[in-house]
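Both complexes below contain chain A, partnered by chain B and then by chain C.
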Partner chain A sequence: MSHHVAVNHLPPEGEKLQITKFLTWRIVLLLVGIAGAAASGFIFLEGGEQANSYAFSYLFALEVFFTITTGAVFWVLLHNASNSSWGVAIRRIPEVMTQLYLPLFVLALPIFAPYPLGSLKKPEWTQRMYEWIGIHAQIASNPPSGAENLRDGLALSHGTSLLYKKYPYLHNGFDLHGGLLPGWDLRVIIFFGLLFFIGRRMLNLSLEQDRTGAVGPTFRARFHACWMLPVFAVCSTFASIDWIMSLNYTWFSTMFGVNVFAGGALASMAVIILVVGTLVKTGHFRHIVSAEHFHLMGKLMHSFVIFWAYIAFSQFFLIWYANIPEETQFYAIRNTGGWWHFSLALVFAHFAIPFVFLLKRDAKRNLNAVMAASLFVVVVHMMELYWMIIPERGRSLYNFSSAPDNATFMRDVLFDGLAFLTFLGIYGFFLIRGLAKHSIYPCGDPRLEESVNVVS
Partner chain B sequence: MAEAANHDSHHAPHADGPSRAKVLLREPLVLNNRSFSWVTNRVAGIVENPQPWGWWWIVVPCALLAGFMAFCFTYLVSTGVGVWGPNHPVAWGWDITNFVFWIGIGHAGTLISAILYLTRQKWRTAVNRAAEAMTIFAVMCAGLFPALHVGRVWMAWFLAPVPNSNQIWQNFKSPLLWDVFAVSTYFSVSVVFWFLGLVPDLATLRDRCKPGIRKMAYGLFALGWRGGNRQWRHYEVAYMLLAGLSTPLVLSVHTVVSFDFATSIVPGWHTTIFPPYFVAGAIFGGFAMVLTLMIPVRKIYGLQDLFTMKHIDNMAKIILLTGTIVGYAYLMELFIAWYSGSLFEFDAFKWRILYGPYTWAYYCMFFCNVIAPQAFWWKKCRENLFIVMVVCMFVNAGMWYERFVIIVTTLARDFLPGAWDMYHPSWVEIWTFIGTFGMFLMLFLIFLRFLPVIAIAEIKGVLPEADPHYDPSMVKRDNVVAPPAYEGDPHEVSGQPATVTIPGAATV
Partner chain C sequence: MSNPLKRVHGYLAEFSSVKEVFHAAEKVRHAGFSSWDVHTPFPIHGMDDAMGLPRSILPRFVFVGGALGLTTAFLLEFLTQVVIYPTVVQAKPANIFTIPAFFPVMFELTILFSAFTALFTCLVMMKLPRLHHPLFNSQRFGRFSDDKFFICIEARDPKFSTEKTKSFLSGLGADSVELVEDEL
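And then the complex of A and B:
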């Protein structure tokens, strides 16, 4: 451990990102993002079967980055609410990540916004992806006789009684027949809005402290973080239910929101480690971040590997044990065919391998080792979301098979890659841009001295 | 690149100018600058001096209640489980409710000892000993119920997978059997963990005793502890390893208990969120019970400088957090019961909430577990010990109601309306449950009498002087800011003498 670093010896303006070292990255990411967005736009505008398939890829990519950003909100809130000090040195990274809801929201529009523009209809690919929206659209365009509204139509049509029951939750817009709950599409705005507001408020308090060095924002951040945690929990849970669980509106699990949250928080910590590690490797954070911080972040990552496994296993185990068809259908399509190998790989990759690897102290303190583990964790988080979302494509579009033929299968895989790269490019570009705006650590935080001298 | 991030250690710090940042001090964990010797005298004094009269006033009735519980159990075993209230369809009544209630309380101790230790929460040192003791006593109370509800108690050994001449093996597919393994393992490890932590303090008590039986007993259990450097090194490694081993155990016990219900297909029981929800509920109930016991103890034995308002504040916040998690689970269960479209699942909740015979129990549960702890959002409430005690009492009751609601309201309205029936506890069940409180409190009071209620050696480790880099001049720097003070407990500001005078202590 290095000698004690007194906060008086640190520069008052903090430390800026050495942007010259990231110019190439920024340009490459921007170009990839723009090219991907153009290709995505082209596929969606073309419409048809390709767009229907691509929508799943697009949702997968959106969820990867949405859950990572939501995980960043969690870490910022947890840090402030628990009155913690160790993480002050690295807190600016998740704070900046929380600002990326804006580009994500714009990117999410092809799935959630009405299309064609000017109508209130959801695009065809959304109707195919979320079958309940498709059924709603069919009944709205061809209502059964005697139906005064859409909910009546669901009640009077054959085979849609479940959707009639679920109408108060699963509907679009603001419909009094569905009770007082805002619809699925309005909730998208609410979730993005509230989560962005939380992130913005936390960053603003932190920046205010950068400028003034006052103690007050620490207490205000703690106060706000506490009440924001339940708001965060509600948004995070229902976003998972709305966007992933309702891909199959007949399936349900009380644990699902926690499951998605556990993976997101884990991957988010991995991304924070990757960003801090990259900054350290490029000569940033001198006297600020030490091996102790990586050790602590590595421990949190390790604990969330276990937490994720606990949640994912419990959900699987209880559904498997009770063996009720309405519930087992989720695992039935993932434990058969090619997905079986994928499910098995997930057990090892998402739990066994990182669990064993991160047990070792050196694996958490050695920068290369902990960064490699983090990269691996991000990849397995992608795997998990892929495993949650993509099998639904086979169920919805290809009558339960993975793909009708090899060419379609290859196309779909390429689509998945394209969507991911699109989001990666745009997300990465805005992340670098965000990091360059402010000091890369909260230079006015009264717990900074405690943080830079932390011993794990 | 070994420990690459330490690259900065070889360079001098920046000298560009003073930072704007201030240094916000942490609240001291021991108040009034108490010395090492004061801590030893105060805590060991509780064991060495006669107990206050109040101790006898509580311990004797508790012992009588525990004795009556033993009578109830004898009556049960000699007559049969028919003396309890369970019937068809409510085959589980107060027995399993009480089991889950006590086992939940038994979670806080090892949580404080193990998980808070691993997460470097130094404030745990003031509460861990009492919480661990409480854990062990609570698990003992819990273990009585499943052991006795089997009916033929003399066959209870069949729960252990030992070879027998009948070639009958346990049903390893049953979560009820996993319960036996989980609870017994948890109990064993908790006892070892508690005892390991006690060793240095037992040696302290041994060294302070006059020669005699007491000295011999403390010496026997102190295992020859001399406090040497090597001993401390070994001790700390062992303690950390046990903490690491105990952590999954804490989580596993209530997870397995939740499996007792959730692996079934009974509506209201089969829900995937049960494992984390049960664990959160157990921590919630356990912390409430620790506060229920420790707030009077700190007052009676003058421990306000060691078990401070900061500790109470932290524990109240954990109760608020876990209570809110429990609330999340209640509402998520309810939402998914509706969202699933499953008639049976949603009806189970309608019976619980809208028109069943036990709706009152649901509302008691919801108020006690979700609404009452919300008082802890306000610092004024966390600083007011009366309110803290009231909320903790609500939580204690609420966690019992939770298990009652899960078990009884569900079973009383099963699939066949013709089989529906009400459940009424018999006097034997009621007195058995009251008796477990007697046994629990009696054991806790005996623990107070003979063992140090606060970990003397550990709390010395969080005193500022214990830090080799402690710099008293640090607080005089210009940019140092003191933390906000706690209000509401006038005892903290007044100094207490090093000699121990326990109010109302017996002179015998």
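And then the complex of A and C:
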């Protein structure tokens, strides 16, 4: 309070990223990304058992960065829709993060695009990973007698009545053929497209304000954010249903979308804190970001630790208590064998430890403490997605065991690491590139002064 | 039968704007007073810093209260449902692994104990409830809940002086400075 910063003491054109301080990082990340992408391409082109296994690693890495990017969309929308002023100083970071859907979409193609190209058939690893796609493909190529279309085929074949019932939602194709809703692969484009459009619109409004300093974009951003929030909620929910929950088409949970969203928004806030913290440590954001901002962001992160625990526990609790086999199967494979320790670790690492640590005011205001907590939160978010996706590999490929032998197990763990590094390299490279494009804070926002002098 | 003896409670200075009372509070803090307070119709952002108030110790009590609630709930459920009278519901285990069933109550009692601790510790720390306060002897003071801002420096402050404190408060731009007395 004692050092009030007047906005006319700040440079009108904002502050550029001091790119020289990040050149090494950018090159290292790019090299890691390119090397990883080359290795991934090699594994996928080779095909076979390795590619089937690697697809799970790839989906895990994709989901880590997809949920973080989606969380960034949420924070931008929430900031605008709630008409808040505190976060103006840090708003450009999530705005830039939302632009990263483009590289993610390109990276996602090996799983979602038809392969071989032009065949309109999903690649073998996708058919093995999403078993319902495999069954669809099998019945489409070898329909039972009397079946006029795929849905009839599902009705007439043995053991596929569930897929017949779920056909209106769980089907492929770019038209509605037989389904009430757009097909799975059309939805991939819809989700990526809408979320990217939302992020782009918000960034463009903010950039327009950078140039003009007019108050209009603030009001327009508020107006658009309000209708975009439900669109965002639908996209983020059904994206997690399509890409994670349908790994096992016989399992269902209405809380799953919120569960993934809660973890994603939490990890996204952690990434925002990490980026802002790194920029502060490298001499950016002078007179712009203070301990108050970290305190506020830390409080949001803390609240989402609680929100995640609430959702994740509610989902587990209802399924555990009701004890219906088709629901408990999800937890049955995660509560047995080695995954049991993983599940237990998640309870403490994803909730208890960050909850108690972030209770203290100093832990949120001290830059090193809050950054350490954020890094921890990002790691446990990865753990959670790993715990959601990877057990399905054993179920789909190895007849319910984690791996047939130690060598395969080691290979799969290496695959998980390789896929993650690939995405990390490319995502990090584009993040630095995106941050360098514009001022690192919205310099034309009329509420910048209010945000700079915010008291938590 | 009122007691003719009176005790000086302190000086009450009246201000008519947030800005005046804010800067006056900063100056009172710089002057080194310790027993004084600001009374305003609404919360003023940054006033805690302007007054130099330390952080409240209330959160520590609330943490202990919450931890106590968590433990109470766990023991209440574990002792009754597992140790004393093992209750098997839907083939759920009657041992420590039935703990998910305890979580809702553990959560509720954590909240309940935290809230009670917060409320009652707060009341104790504010010495509430009380029937009367000497400041209510002042006719002007009623407007603290309407449109006026007050600073009161109490007589028990070691730096208090009958003349100097009065002129000090007048020098801060107070509209009026009044001696508040407490009837014994």
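Quick note on the criterion: the second predicted complex is superposed on the first by the 449 of 456 C-alpha atoms of A that agree within 3 Å, B and C clash if a C-alpha of one lies under 4 Å from a C-alpha of the other, contacts with A are read in each partner's own complex, and residues count from 1 in each chain.
The rule we apply is simple: a contact is a pair of C-beta atoms (placed from the backbone, for glycine too) under 8 Å apart; a residue touches a chain by one contact, two chains touch by 3 or more.
Source: prediction; values computed, not measured.
Superimposing the complexes on chain A yields a three-chain arrangement in which chain B and chain C clash.
By the touch criterion stated above, A:I353 is placed in contact with neither chain B nor chain C. In the superposition on chain A, A:P230 makes contact with chain B only, not with chain C. Residue contacts after overlaying the shared chain place A:L375 against neither chain B nor chain C. By the document's definition of touching, of the two partners only chain B reaches A:L448; chain C does not.
Contact with chain B, but none with chain C, is seen for A:T254 once the two complexes are overlaid on the shared chain.
The partner of chain A that touches more of its residues, comparing chain B with chain C, is B.
Look at A:Y321: by the touch rule set out above, it reaches both chain B and chain C.
Chain B is struck by only one stretch of chain C after the chain A overlay, and of the options 37-45, 73-81, 91-99 or 163-171 that stretch is 37-45. Residues 1-2, 317, 321, 323 of chain A lie in contact with chain B in one complex and with chain C in the other.
Taken in their complex, chain C has these residues touching chain A: 45-46, 49-50, 55, 59, 63, 90-92, 100-101, 103-104.
By the touch rule above, chain B contacts chain A in their complex via residues 1-9, 11, 13-24, 26, 251, 255, 259, 262-265, 270-276, 324, 328-329, 332-333, 336, 339-342, 377, 469, 477, 479, 481, 484.
Chain A contributes residues 1-2, 313, 316-317, 320-321, 323, 359, 361, 455 to its touches with chain C in the complex. Every residue of chain A that touches chain B in the complex is listed here, in rising order: 1-12, 162, 165-166, 169, 210-215, 218-219, 226-227, 230, 233, 237, 241, 250, 252-258, 277, 280-281, 285-291, 293-294, 310-311, 314-315, 317-319, 321-324, 326, 362, 365-368, 443-450.
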